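What follows is a pair of complexes built around chain A, which joins chain B in one and chain C in the other.
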Partner chain A sequence: MNNFLKLVNFELGRFIKVYFILAGITVASQLIGMALIANDYLEMFNEEVYTNGTSIELFVEYYGEISLLNLQYSQWFNLPITFAVAVLIIYSFFIWYRDWLGKNTFIYRLLMLPTARINIYLAKASAIFLMVLGLVALQVVLLNVESSMLKWMVPANLRADLGIMESIGGLHSGGSMLAVIIPTSFIQFLIHYGVGFMVVFILFTAILFERSYRFKGIAYGVGYAIVAFVVFFAPFVVEIIFGRNYLFPTELFILEGILWIVVTGSSIWVSNYLLNKKVTV
Partner chain B sequence: MIEVKNVTKKFGRKNVLQGVSFTANKGEITCLIGVNGVGKTTILNGIVNLTPMTSGEILIDGEKLTKETYEKIAFIPDAITMLPRMRVREAMQFMQDFYDSWNNERAEELLRFFKLKKEDRISSLSKGNVAKANLLLGLALDVDYLLMDEPFSGIDIFSREQIADVFTSHLVEERGVIITTHEINDIEHLIDKVVLLDDGIVFKEFATEEMREVEGKSVVDVMREVYRG
Partner chain C sequence: MKRYWKNVILPLFIVITFGVLYVHHAIAKEGLPQFELVNVSDDEGIGEDIIIYGNYVADESSVWESFRLSSDGISYSSERNFLEQFNEFFESQEMEKLREEERGFMRGKEVDPHLYSKDAEQIAYVGPSALFNDSFEFEVDVLDREIREKKSFKLDIPDSDGTDHIYVDHVQLLDDMLYVTTTNYLMEDKELHIYQISLQDETIEDRGAIAGGTIHGHFIVLNNGMGLKRQENIIVRAEYIEWNEGMHTSEVVDEEYFTYDLETGKKQVFEVPEEFAMAEESTEQEYMEEEQDTTEEVIYPTNHESVGSEELYFITFTSDGINYYPYHLQENKLLEEKEISFDENILSGLSGVYTKGDHLYFYSNAGEDGNQMKKLFKVDLVNGEIVYEGEIKLTDAPKETHVYNVEVFNVEEKR
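Take a look at the complex of A and B:
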């Protein structure tokens, strides 16, 4: 196993407990939420149909069929996702600072490993990416489980069975978090996670500026981040300022792809320089 | 040979090192001596590129440090550089995973010598045992050079003796050692060469043996002259 993979494995191991807790909260909240939502719906059904004598057709017409959407718009669904996202964003900072904090400063060891220092940076980034993608995969599995739960709890005439893609796709207008974390098209997926991962690289580079130049480094880091974002979003900014679309969508996509490579590549390059020449324990 | 050539270091406006030069040879124990805050740790950090120097040059066997150099030079800082939640066994495994120069036999030998338990967590060890575990992780590397930052500070007398014993054993022989200290007494008889630092420069560099024979002075005598006189 090469050193990079060993480092990725090591970084994952350092956060795995918290990560499993995050996953556990997500699973528990969504499954409990699904059960409660289906239960509430059935209670309402019993009340209306059996107590008040409403016909089933009228009930369905008035309240609608239950589907995964009922869950996806609820806080049972959105809160744990928000929480997991927040924790991973905070950890993107902490994954660096934890090595400098405390009495046993692990950064000494990391920097003295007989391997290219950029591997530390890439391993930390990869650990974040893997954890993000792991939660996304978990969500896909959960949607299937929740769909089965619904089928098991609610009779067919009261529910709308949406496929996973349908339930995600149906949400685009609604703006649920699911549409952001699992886009329906592959291109959209590339855009969302491409931009997300680029932001992680930029953030890591800004952190290394701070770790290299300390107080002054905060200004360098913020400056670097601003320049990186301006470069990446320049085509959009130009179009907004001049109020015209200069490029076809495909051209824009290709240009953004190139700018992504430029911004991500320079973040890695600058980080490599800082790690080798400027960083201090 | 480790060559430190005219190295300077500024922290903000403060000049910590103002042109430090000295050499440390293989097979010798070189001791950097100076009061606290004189820049001893900074020099060691500089040698292994943990802190960039403002100017000057540091060569190890005539070459600048690269990632491969970490297979032939080991730095043992004054605090252990492993995660506190790790067990001694896990810390050893970590070293073995990353360093080709890790010598497991020697590690086991040191483990017995220091009477450390593999299953103990680093966070649960006494101060003396943390220092020993820290030393173990550095000494079990088959490296040509060892840098040790204050290996005796803040630990009990018996641990000190054990650590001092290491210096006269085959665990250190043949290697080039740079050690920093501000309390010379424990190891005066062990060191071959002294580099006295003051105000960011090398005040005096001498071989202990020669000093004793020619001028009849011990290291402490010379220090007294330098720092008091």
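Take a look at the complex of A and C:
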């Protein structure tokens, strides 16, 4: 356990500077975005009400009240999230391949550590999970800060004060990625991130196939990933092929829970085997 | 220990942030306003049996949440437990009950109530709801609920040459016969067919087209709102539409209402009350004429039909209230017009009409600032009187700056 925690700390430390930069970009972009959007709205208000003589009621009726949704539909909000997601996806590959890079391959030292090799795999996966969840948690905090900023900048009669969940819930129809990364119920949170982390385990196993068998390993890895996805999504695939829902929604959920355990467990087991018996440096 | 700060800080930050977010959300039900259904006038305790299905909307409809509201209180879609949340929120009580009681029978079937029919002993299903020319085959499933015996078979749809696709509109079980009403799409035309299926012999017979028109027309089986109970007739509104290719416009050239006796195959066309037929035409004209040069709110007539136990009601909402014309189905005659007057304020806020056999519900969302008064009325069409008036009252508004509105999708009576 101690070795595992040391390895997690080590993996976090290797990426922490980039991670802080990602967090910094997100914070800066969203706070600047909030300030600019609120400012533009107030400028428009001043122009319409004080210059053109429009009544406040008519202005609100025509332009609507400003709320967190104005920010959430803007690129100030969505671009840093997209960027952070892209960096973390790339790093999910790089977290393995960086250990094989260079003359004195670091993986050699890692594999020689006096601990179970699966700890390396689990530590890398845990580091990815913590970094993903850390950024999402930061987003939750930021939404609260942005909500407060809006209250400081815009008078109450011009704004709609949405709670965090309310603003996320209101985005469902808008197709924003915020509703995906911050689900409005805890169970949905478990489903979204459960599936996400299963995908990370499958990806890591595919990478280990490639590292173990090199060129042939690419085919093995892709094949493993396809099989894993087919198994996990089999109930849906069957329903699509036969055009009918054999399972009631609750049964489907329970079956998917079991398949999640099977696919995630298999990925960890196969990775353990590859790390112990097949991986080459 | 100092070296491992990343191991401590990051998980702590995650757990605390999400813990606070979801716990706070669960406890405070943040953002969900509380509404009550308050009886304004209800001599017979009708309000106890009403369930309203709708959404609350705020911030110009960008924030919304589905609810069910009754005299017992309000329940939001998101407040259901996790497993319940997988079920359809606006599912009719009848289908919900059927799914709970007959899980084996309902497995793998579409949930469209039009595909089901039941009597005292049996439930029947005919599907799928849409058939295409690669497989014109009905799947028939019948369950005898007393002896727990299930019968399943497939039948090729006869005389389907030249048909492109078929939609099942209505299924009716009468003793040992199943009657399936379908809209068949041909190349340029559309036909309403009745298929008669013998459960004993497992055979199918096409009664032929009982109505037909161009592909742009519509056949609406009005009984569909009456649930799964036994109905010996189907009542149809047929709209015959002509499409103007050059102008890209369509025009209703004829409209007819008829009843079709499923057992005898007798079709009877109704006489449509003139005032009812005129109401919709005048709506279009008035709208075209008045819309450009008036800023005042104009109440345009709207038409509705309801199939009651003995009568078909042709209902028109006018600027004074409701005018309706009962048509006696057995005696095949139009009865005397009935009128119920309403306050103009209520009619100007009319935002939903829900016909339920011999009853009609309507929802009005009006008032001083357009959101203060949300009223539901129930009209007894047999006696021509308002038997219930209720108000949807906002009892707890989490955000003072919000205007909370209510959209009603359906009204059901507790079964």
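Quick note on the criterion: the second predicted complex is superposed on the first by the 280 of 281 C-alpha atoms of A that agree within 3 Å, B and C clash if a C-alpha of one lies under 4 Å from a C-alpha of the other, contacts with A are read in each partner's own complex, and residues count from 1 in each chain.
The rule is short, and it goes like this: a residue touches a chain if its C-beta (ideal position, glycine included) is under 8 Å from a C-beta of that chain, and two chains touch if they have at least 3 such contacts.
Predicted model, so just to flag it, every value in this text is computed and none were measured.
Chain B and chain C, once both complexes are superposed via chain A, fit side by side. Looking at the shared chain after the overlay, A:236 reaches neither chain B nor chain C.
Shared-chain residue A:280: touches chain B; no touch with chain C. When the shared chain is aligned, no partner comes close enough to touch A:94: not chain B, not chain C.
For chain A, the partner that touches more of its residues is C, with chain B and chain C as the two candidates. Of the two partner chains placed around the shared chain by superposition, chain C is the only one that A:248 touches, whereas chain B remains out of contact. In the overlay built on the shared chain, the residue A:20 is in contact with neither chain B nor chain C. Once both structures are fitted onto chain A, a short way to say it is that chain B and chain C open up an angle of 150° at chain A, using Cα centres and rounding to the nearest 10. Measuring only between alpha carbons, the smallest separation of chain B from chain C in this overlay is 11 Å. Touching of chain A by both chain B and chain C, each in its own complex, is seen for residues 6.
Listing the residues of chain C that touch chain A in their complex gives 3-4, 6-7, 10-11, 13-14, 17-18, 21-22, 25-26, 30-31, 58-60, 62-65, 78, 82-83, 85-87, 99, 103, 107-110, 128, 398-399, 401-402. Those residues of chain A whose C-beta lies close enough to touch chain C in the complex are 5-6, 8-9, 12-13, 16, 64-65, 67, 69, 130-131, 133-134, 137, 140-141, 156-157, 159-167, 169-170, 173-174, 182, 184-187, 189, 243-250, 252-253.
If you check the complex, the residues on chain A that touch chain B are 3, 6, 10, 14, 102-106, 108-109, 111-117, 276-281.
The part of chain B that touches chain A in the complex is made up of residues 45, 48-52, 67-71, 74-75, 77, 79-84, 94, 97-101, 122.
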